[in-house]
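Chains: A, B, C and D, in written order; residue numbering restarts at 1 for each.
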Amino acid sequence: MTKPTLAVWKFASCDGCQLSLLDCEDELLAVAGEVEIAYFLEARRATAEGPYDVSLVEGSVTTEHDAARIREVREQSKTLITIGACATAGGIQALKNYGDLDAFTAAVYASPQYISSLATSTPISAHVPVDYELRGCPISKRQLLEVLTAFLHGRKPTIPSTSVCTECKARGTVCVTVAKGIPCLGPVTHAGCGGLCPAYTRGCFGCFGPMESPNAAALEARLKTLGSDDAAIERLFRTFNVAAFDEVRAK
Amino acid sequence: MLEPGALDALIEALAGRGLRVVGPTVRDGAIVLDELASAADLPTGVGDVQEPGGYRLFERGDGAFFGYAASPHSPKQFLFPASTRLFRARRNGGAAVEFEEPDAPERPLALFVRPCELHAIAVQDRVFLHGQHVDRDYASRRRDAFLVVVECGSPASTCFCTSLGTGPEAEGGYDLALTEVVDGEHRFLARAGSERGAEVLAALPQRPAADADRAAAAEVTAGARDSISRRLDTGDLRGLLERSRESPRWDEVAARCLTCANCTLVCPTCFCSSAEDVTSLDGTESERVRRWDTCFSIDHSYIHGGAIRPSSRARYRQWLTHKFGTWNDQFGVSGCVGCGRCIAWCPVGIDVTEELAALRAAEEVPDADH
Amino acid sequence: MSERTIVTEYLARVEGEGGMRVRIDGDRVADVQLQIYEPPRFFEAFLRGRRFTEAPDITARICGICPVAYQMSSVAAMERICGVEVGGQLRALRRLLYCGEWIESHALHVFMLHAPDFLGYESAIELAQHDAALVARALELKKTGNRVMTVVGGREVHPINVRVGGWYRTPTKRELRELRDPLQRALEESLAAVRLTAGFDFPDYDRDYELVALREPGEYPIDAGRIVSSEGIDIDVSEYEQWFEEEHVPWSNALHSHVIGRGSYLCGPLARFALSFDRLSPVAREAAAEAGLTAAERNPFRSIVVRCVELVEACHEALRLIDAYEEPDAPAVEVEPRAGVGHGCTEAPRGILWHRYAIDGDGTILEAKIVPPTSQNQRAIEEDLRGVVERSLQVPDDRLALLCEQTIRNYDPCISCATHFLKLEVERS
Amino acid sequence: MSALAEPSLAEATVPRPFAVAERRRETADTWTLELEPLGGPALTPLPGQFTMLYAFGIGEVPISVSGRNGERLVQTVRAVGAVTEAICASEPGAVLGVRGPFGNAWPLELAEGRDLVIVAGGIGLAPLHGALEHALNHRERYRGLTLLYGARTPADLLYRVELAELRERGGLQLEVTVDAADEQWRGHVGVVPKLVGRAGFDPRDAIALVVGPEIMMRYAIEALADRGIAADRMFVSMERNMRCGLGHCGHCQLGPTLICRDGPVYSAAAMAELMEVREL
């Protein structure tokens, strides 16, 4: 039996989600035993030609060149899985979708004329069909392994799309909103981190994007009673999954 | 009667029987249930103030060990843990598959509980033990669990056990019952409810209870009873909910409900679970793991082609209807014991007693809002 | 000899996307470009209008490899603006978290990205087929770094526990004590790594760089210090812009830095090692001595050995911090915003990471500027490429390309950081 | 407090290994498997009951028992998702896990001496097949025996060979319809409930068993009721998500009932009202 081939691609991103694969120290060699890592520049120089059985795509599309490249990746991939908030929601760089690109470029670069960039940062699914979207900024390596294992063995990945609250409760964490009045996005945020922030006495700030049936309006009303003003609420929702939360809140 | 000092002896005695002693302790701004090493871990002098969507600790100033009401944790955490292994399957080359039973649960438990929690355990017993099938994992944890109930003296504003007859006194189903008297001399009235309870009690330093002690203890629970102001009209809730299936109130509450599932997960009786395979990368081993689930998740009602209850309205209705209505049909008891957890730990403070009252009011004045 | 171009379109085993292009005209290197086409992400622009407390979480997203560095430089800057000093155990924990990142990042670079160059493998995956035990030990080492980050910071990538003023929750003594055994093993493994890498074959190449790093009294520089250089710079971090400047070159989405009026400089392990040799713990210093390293080391290819010495240092320091840990009374000190401009500079695994912010009295960020180590090293990398190629003109293209890539990897460049930043093309004529 | 029962092995949550002894393709996406116990006693499910079938490393799903062949369980499975696909792809010799049987059975005794009308849509014939088999094996106990069966197209009909044989054999009034005919199709065209009006049975003394998509069941019941069969003489088999089959997981709630325990077979009288409620 020939091993299935795996390719890892990078678009606009911080590298953290790809790193999560290398961070699976206990499983990395086993993964390399089960799949042929055919294309993974961060880890290896040798590259094999497509097509690939599974492609993991990190990052969002922010340039014309990348918009064309993702179409090539799609053509070469049987299964395309996006990993992380950049690839599934446009990432924090999607904040530029709402601003003036020239002003942004000028803020960072002394010679903005050298920079070519689209006005928007868009998720992979805005360009090509995606088979599975793994959320998180960064993704959870436990979930990454789950998705890979599930795809290898032909089952559905067990990735609940319920609220972060469900993870807090399973972990036995005391709710920070109820017990401390700390503003928390947990009730509208997709599970996956394991209920991390509340376990550190901190409100969730939405790394995994919206959960399956987010009631943002009801949570916003509650945040106000906790003393958050409109600006604070805007900031809270508008970070790594800004585009996804904006969509939910517009409803 | 026991002196407060006897609590250490009690915890030691329980530990001495090989039990993992679990009881209240302060952590992260709440009284939670965790392993106790000694009475020093108890929430000495700490009380709680609860309201819909709110919970705060305060210094009671009286040194009471059990001066709190329902905590964010419940015995469910220990008797029906958030995740358990159902079985392990192994593929030994070729097609052969072997199934293995899971390991027996760790050390048996001794649990400090409140009266409503005793009732909640009894409700879960009906689900896991007294139906057609016995749940092996629950049964083994439950069978060995030593229950110490401490009657309530300081209910929270969210408590409504009196409406459901589940507190503040403990009437049975325990190994050992304690009533903490703080007024005057700090002391505990202790009663054994089982043979092993009697054994444990006999070994503790004590003095016989005088009538005055009994009266003082009765006053504690009577005072608690008086201080409970939340009421639930339990008259024909089953019928009410059945008739209210199409009530507009469901849309109204769905607008507020976050579908976050906190209510079902803190509820000491909710028993829903899902089961999933956790497979090794090489595909030779698989574990079937059971995890807490909730009727607030869309997957809960998923069947091929789509979920049965996609709307928040239908999911909230399922929760309330099951808890207070159809639970009776299924298990012959109410699913609610009046502990108020779902009220306090709902981040937006949705109050089941208020929702039920609203359904009732809508029925009594059907055209009220027209 | 005709013109030839050596091009590596996508550099492998570096963090982020870039390439290189070297144009050779006869026996002269006509042009060298380290090309960084990782798309720009405009963090400095997004930071405007956010609250000062958001900087650690937002800037962490610039780089998944060294998020802690971003968090540390940003909180340092904000605390400076607000006149708050985070000291004692709260600071010790920051150093500990940072040690975790150094261990993870250095182990990743040394074994997974760089060692294959010296051992003749295309990747650690191939290396694992020949020496699985080595790779397994390396992974264990890396994992220990990650464990430190997880315990102190909440998770390995983009930790959640860092805040302006300190932490959301400080670890218990017991949680830290559990890190002792793995760190002790990691220390042993790091010492072995120094011995292993010291035995590699190194190209004979060195240059008289201006080395730039932080330097602190009494401690190896990690989370604080003054900016010093081998050419006599010794300044407060706030004076950085009077000495260093960035320029934008057309072939790169990353900015190039240089010392004003002088030119390129080098930051990172080699610089720290040379400038703070005297601050190393005795174990690390001894290991360095055994490996034949002195403060005068200038061969960039040897930086892999230096990284291993720093692994020793980081493990040793982490153990020291854990042993001295006492649970603090409060996880953070109160920070009230105050209008002003402030700077933060800390030692990311790849070198100094400098931040400057201006905030208003409400704590709103008015301006942000971030200079990551890879930008600072970019010029030095290009000069090294030129130097290496000039010495190896007779080498055929494919091997030359490999040598060029290895040269780049000496720096462990992090392109995600640099663009906020890489591709090799070699053209010969 | 009542004594706590010792859990018994029969109630274990651990499956028993069964080997796929035979596999037949029914339609493009549906297969019938015969499963043989690997050690231990054979199972003796009643018509209408179901088992939880476990595909190694993929998952576990409820599947009705469609009949027995000696020691073997006969189960017909439509591949709609990961687990059912894995089950359908299990070649002879492959091992599946089996728990059960669970649930109640078709009230076949109630039909004795009466007309038995079986109405099935699509894969719905699978849960009814055991009942049909039973009735045919004990033909003398029933008066009339009718099977009304519909599928989307002729290619979607289950048990085609067997149905053809039955038609030959007699003793069964068999009417088959398809929503969309192809060129060879000579039978009825239209939805199953339409067959009800034409079928020959005595509504005052008949028992009807109905399985299909919920919407088909509603219309079939309506048509049967129109013919005059009382609601408590009509039975349906219901479906909900199911994780345990033991009444412990809470997923299969259908109003006041748990399908794995109180069902899957219900009288139409019990279901009529519930089937009207949206998203119950």
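The rule we apply is simple: contacts are C-beta pairs under 8 Å (C-beta built on N, C-alpha and C of every residue); 3 or more make two chains touch, one makes a residue touch a chain.
Only a predicted model underlies this, so the values are computations on that prediction, with no experimental measurement involved.
**Q** Greatest Cα-centroid separation from chain B: which chain?
**A** Using the mean of the C-alpha atoms as each chain's centre, the farthest one from chain B is C.
**Q** Between chain B and chain C, what's the gap in Å when you average each chain's C-alpha atoms?
**A** Going by mean C-alpha positions, chain B sits 51 Å from chain C.
**Q** With chain centres taken as the means of their Cα atoms, state the distance from chain B to chain D in Å.
**A** Centre separation, chain B to chain D: 39 Å.
**Q** Taking each chain's centre as the mean of its CA atoms, how far is chain A from chain D in angstrom?
**A** 43
**Q** Using CA atom averages as chain centres, what separation in Å is found between chain C and chain D?
**A** 65
**Q** Touching at least two other chains at once: which residues of chain B meet that condition?
**A** 276-277, 279, 283, 299
**Q** Pull out every residue in chain A that's touching 2 or more other chains.
**A** 153, 155, 201
**Q** Could you tell me which residues belong to chain C and also touch two or more other chains?
**A** none
**Q** By the touch definition up top, name every chain pair that qualifies.
**A** A-B, A-C, A-D, B-D
**Q** In their complex, what parts of chain D are in touch with chain A?
**A** 57-59, 81-83, 85-86
**Q** Using the touch rule from the top, collect the residues of chain B that touch chain D in their complex.
**A** 86-87, 89, 91, 95-101, 122, 125, 127-136, 139-140, 142-143, 172-173, 245-246, 270-277, 279, 283, 286, 288, 290, 293, 295, 299-305, 308-311, 313-314, 318, 322, 325-326, 329-330
**Q** Going by the contact rule at the top, pick out the chain A residues touching chain B in the complex.
**A** 27, 30-31, 33-34, 145-146, 148-150, 152-153, 155, 158, 160-163, 165-166, 169-175, 177-181, 184, 186-188, 201, 212-215, 217-219, 221-222
**Q** If you look only at chain A, which of its residues touch chain C in the complex?
**A** 10-20, 22-23, 25-26, 28-29, 32, 37, 41-47, 62-63, 65-66, 91-93, 95-96, 99, 103-105, 107-111, 114-115, 117, 137-138, 193, 196-197, 199-202, 205, 207, 235, 239-240
**Q** Considering only the defined contacts, which chain B positions touch chain A in the complex?
**A** The contact residues of chain B facing chain A are 27-30, 32, 53-56, 72-73, 77, 82-83, 255-262, 265-266, 276-283, 291-292, 294, 296-299, 312, 344-345, 347-348.
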